[in-house]
Amino acid sequence: MNKKHCQADLNSKTNHDHGFNKKSAGRPDLRVNLAGIDLANPILAASGPFGYGHQYRELFDLSLLGGIIVKGISPDPWEGNPPPRLAETTGGMLNAVGLQNPGLENFLKEDLPCLRGSGTKIIVNVVGCSVDEYAAVASRLDGVEGIDGLELNISCPNVKAGGMAFGTDPASTSNVVSTVRKQTGLPLLIKLSPNVADITSIARAAEEAGADGLSLINTLSGMLIDIEKRAPLLGNTFGGLSGPAIMPVALKMVWQVAGAVKIPVLGMGGINSARDALQFIMAGARAVAVGTGLFYNPDLPAEIKEGLLDYLQQQRLPELKSIERIAQNPKGEE
Amino acid sequence: MNKKHCQADLNSKTNHDHGFNKKSAGRPDLRVNLAGIDLANPILAASGPFGYGHQYRELFDLSLLGGIIVKGISPDPWEGNPPPRLAETTGGMLNAVGLQNPGLENFLKEDLPCLRGSGTKIIVNVVGCSVDEYAAVASRLDGVEGIDGLELNISCPNVKAGGMAFGTDPASTSNVVSTVRKQTGLPLLIKLSPNVADITSIARAAEEAGADGLSLINTLSGMLIDIEKRAPLLGNTFGGLSGPAIMPVALKMVWQVAGAVKIPVLGMGGINSARDALQFIMAGARAVAVGTGLFYNPDLPAEIKEGLLDYLQQQRLPELKSIERIAQNPKGEE
Amino acid sequence: MSRLNKQRGAKPKQENCLVGNKQIIAPGYCRLTLHAPLIAREVYPGQFVEVYMPPEHQPMLPRPFSVYKANRKTGEIVILFEIKGQGTRLIAAAEAGASLKLLGPLGNGFPELPSGAVLVAGGMGIAPLVFLASSTDLPRTLIYGAPTVAQLACPSSDLDMPGLTILEATEDGSKGDQGTTVDLLLRCINNAGAVFACGPCPMLQAVKNISARAAVKAWVSVEERMACGIGACVGCAVATPGGYKRVCKDGPVFAAEEVILNE
Amino acid sequence: MSRLNKQRGAKPKQENCLVGNKQIIAPGYCRLTLHAPLIAREVYPGQFVEVYMPPEHQPMLPRPFSVYKANRKTGEIVILFEIKGQGTRLIAAAEAGASLKLLGPLGNGFPELPSGAVLVAGGMGIAPLVFLASSTDLPRTLIYGAPTVAQLACPSSDLDMPGLTILEATEDGSKGDQGTTVDLLLRCINNAGAVFACGPCPMLQAVKNISARAAVKAWVSVEERMACGIGACVGCAVATPGGYKRVCKDGPVFAAEEVILNE
């Protein structure tokens, strides 16, 4: 009973056409280029909630996604935090998984092979406790078949060492990004933390250090207390808040960062519908990722895709590019 | 039709007993001392949503509140932001009122007289565009009858000048707090912004500069986009997110700050029930304030008060002090 | 011209109201009767109520609706609304016998109708004007328009009042004259005793201009997003020559010259 | 002892299920029948379903429930649950004829029952064990306990199965023996073919210890808060000697020695 047994006959397509050839005449074009990665559509699975894709492929064809950002990978396996790791809050949830992961080599051996035939782009989220660890993962993944890009998670609020420190300070951001940049030719996204006073300074530091794109936002740091036990509810005390509750915060940061850098932005945080996705794109995102939404609606990526197509068709727009960032210069104010 | 006409015959009590003498035998004691202010109970109206109390006194007896923090007051009247100023989001709302207020003298002439007889403590929220403006309001209010304390709003994310700058940096926090401290003998609370990487450094700066207590959190900065108009929804582009959506973020910051300073903490952010209030108290808050909750449930303060009394009674606890901060040292880990 | 609701002291009441008759008017409008005796007793035309959401639902904030009818004797009020988003969908889903919490009466209503008053309703703007029209027997005219007949949601039986002349217009001509309420107003402005309008901003702006030109006094009921609904939060600002005012407390009815209407 | 659901490939299905018979069992329990043919066809005892919340409600995350009964022919499954918080309150409010979205079957179920199996149910732990008990006609014993009779929520008609011996205990003696399930287990552990338990953590820990001492194989079904329910998010971790495992995918049924139970 190998939990990672790769079921090639699942309902995923094995050809790599990404749907490019299937465009029915006149349907608008959802393709976008994110940080050098050609995506069939701008909807990605956010890192974490989607794991390594094994499970969600049982619910839908992975090729309907523009890309998958796999759960954070570190050089060695990480145990993760003690339970409880989850809690629900109004409009959101806290998680304190603690970046549990099987480590780089297990990922390459057991997870990546199953993803290769999935018909979507694979971006590996990289975590580490030191610059060297980030660099080690990046250099090992460089040139590995089936990997289309890296996302450096310098922002996870759950891990005491590493994570928090890099992403809350331009200098250390710059340091880790430029070091990793030297190790890889793969498209490099940097995932930013919202737990900062000025996200644009971090964004600019990452851009100057050689990032190809920016992902934002990671979770907001939060906690709950179990009043019966009179103690923190989560095993790790603190956890990351995600879901619709954080959407306005995420949208504002995407807006600010898109206005501050030239590289493309992958927007995420509470996206729950095509209308939400459109808000992110109009704020300046090139593409969007969904995380928490998958938990309560596994059909969300399909619904967003249909919704974006309908919107473009109704508005007689040929492609999403036409509305990217448009809210930063609304008609009449240009 | 004077909108501020003071209706003395409204259902507020005019005596100042604060309910202290009405305790039925054996009922637990909800009194707390917040930053030198004796409160009949630990439930306050947060600054802003409650205005200057004129309206809510038509819905309930203001003396059921431990205190009222009136809407931010600046030396001169402020116009506020263009509409729309409000938007609802999942579990929360954005406001971009922009600290509209009648100015200090109008407040003293038209609003304060009505509040004097309300049977609850009055704390004035102070806003300014410069240290001098804060100091001017504080010095003018010093010794004015009917004012029990000040809350410096150095954290409002809506006002471009002033606000944001003070509350996101320990040095400027220290500067404004120590300047104001010299102007007033009134109990001085400092209201902190959550839009920072490390709220404890700001909290400590405020404490060292002479604050008697800390209020947190103010709203998280956010925005929405109107996809029909392809433009920001709020007239001010950005607004402050409040309501249950932000509760876990607020609770964590209260926990952190209560663990970092010795002065008492007034906790707020999305409080929606007595259970929420208990979480804040167990995290380290001396008292709690409700804002957004009033909009969808004007009975919330009364419900929280009853809920706290029931809890203390069920748990056979004489007073809230017994559980303040208890989650920081849960039983068994002491 | 004195305000009908000059007794400003009438405090808003929180009332748990039994849902009575509900009519879903195709496609997407709802006419809801609520047993709200405290509110019904004191409400005046142009005032509104906030309807709270049932608990454990999204959204949270109450939704404002003009009172469309009020019966002091039976204690019933009626609201007529468009099912627009999540909030109105939830309210329209309330079944007879259920309970909805209301806050009201809120805001400043319309002044008393003079003889020859012209009421101008654009789309859902009909709601407060039906109540207003029913407040007198004096001769008065109701202009009622919308893009198509589908948006003329008000059941015609509700408009059957003595002394009330009704002029209807649709932009596509599917009912009444082909044209807009503004076209109809232009025809009768010179004989108007005063104008009372509710509807989309551009219509209100046109009503304001036309009335001013004809030197006829005009009153408009405006809308803004609300939180508290009682004047505390200053969230529902509308621009006026003297600075921002609160729609919920200083309005929703304003003298036309008192407000700066944009869009 | 082979797993009943050895065909691990059985993919979870999203199914929109018609709500059938609903029984609210006083005070605060619900027995809900759902028409879920795809799930009913494939589910094995010990597996569970995630019930999604109706849209526009708080909370958002689906809630996990063991399958209590499944009828392959009628396509119906039954869940039995305690109405505990917002989520279960909402699900219990679904009326016959409404539709609820389900995901299932999920997780690893119990292995096949050997002759002389002892099933130990603490409170709502009864749910998966009723389904398990119905999977064979071999002689087997069900130990069912709770603090008081009020928490013995399972209707006794559902426990009427050939070959099933039932032993009940309540801590206050209000039904069955006065005592706990653990007291009853101690009495019959030496003749047990194997033990299958579901209930609160301290009970499971006692079951684990007692079975180990008697060298009887024991299986426990554990609970943890869930998000995805399918093994992707690693949110539902339970400690095991070999590191954290996922309750939703590696469990909820574990060999007793496989999990570290705390509390």
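Here the chain labels run A, B, C and D in written order, and each chain numbers its own residues starting at 1.
Basically, a residue touches a chain if its C-beta (ideal position, glycine included) is under 8 Å from a C-beta of that chain, and two chains touch if they have at least 3 such contacts.
Just so it is clear, the structure is predicted and the values come from calculations on it, not from any experiment.
**Q** I need the common contact partners of chain C and chain D, sorted by label.
**A** Chains touching both chain C and chain D: none.
**Q** I'd like to verify one number: the distance from the centre of chain B to the centre of chain C, where each centre is the average of its C-alpha atoms, in whole angstrom.
**A** Inter-chain centre distance comes to 35 Å.
**Q** Where the CA atoms of chain A average out and where those of chain C average out, how many Å apart are those spots?
**A** Result: the chain centres lie 46 Å from each other.
**Q** Which chain A residues touch at least two other chains?
**A** 90-91, 243-244
**Q** For chain D, jot down the residues that touch at least 2 other chains.
**A** 58
**Q** Graph shape for the chains shown, where an edge means the two chains touch. Line, ring, star, complete, or other?
**A** ring
**Q** Okay, what are all the chain pairs that touch?
**A** Applying the touch criterion to every chain pair yields A-B, A-D, B-C, C-D.
**Q** Of all residues in chain D, which touch chain A in the complex?
**A** Residues of chain D touching chain A: 8-9, 11-12, 14, 52-53, 58-62, 103, 224-228, 230-239, 243-244, 249-250.
**Q** Tell me, which parts of chain B touch chain A in their complex?
**A** Interface residues on the chain B side: 89-92, 94, 168-169, 195-198, 220-225, 227, 229-232, 238-239, 241, 243-249, 251-252, 255, 270, 272, 275, 278-279, 282-283, 323, 326-327, 330-331, 333.
**Q** Which residues, counting only chain C, touch chain D once they are in their complex?
**A** For this pair, the touching residues of chain C are 56-58, 86, 89-90.
**Q** Which chain A residues qualify as touching chain D in the complex?
**A** 1, 3, 5, 7, 10, 48-51, 54-56, 58-59, 71, 79-88, 90-91, 93, 95, 97, 100, 243-244, 292, 294-299
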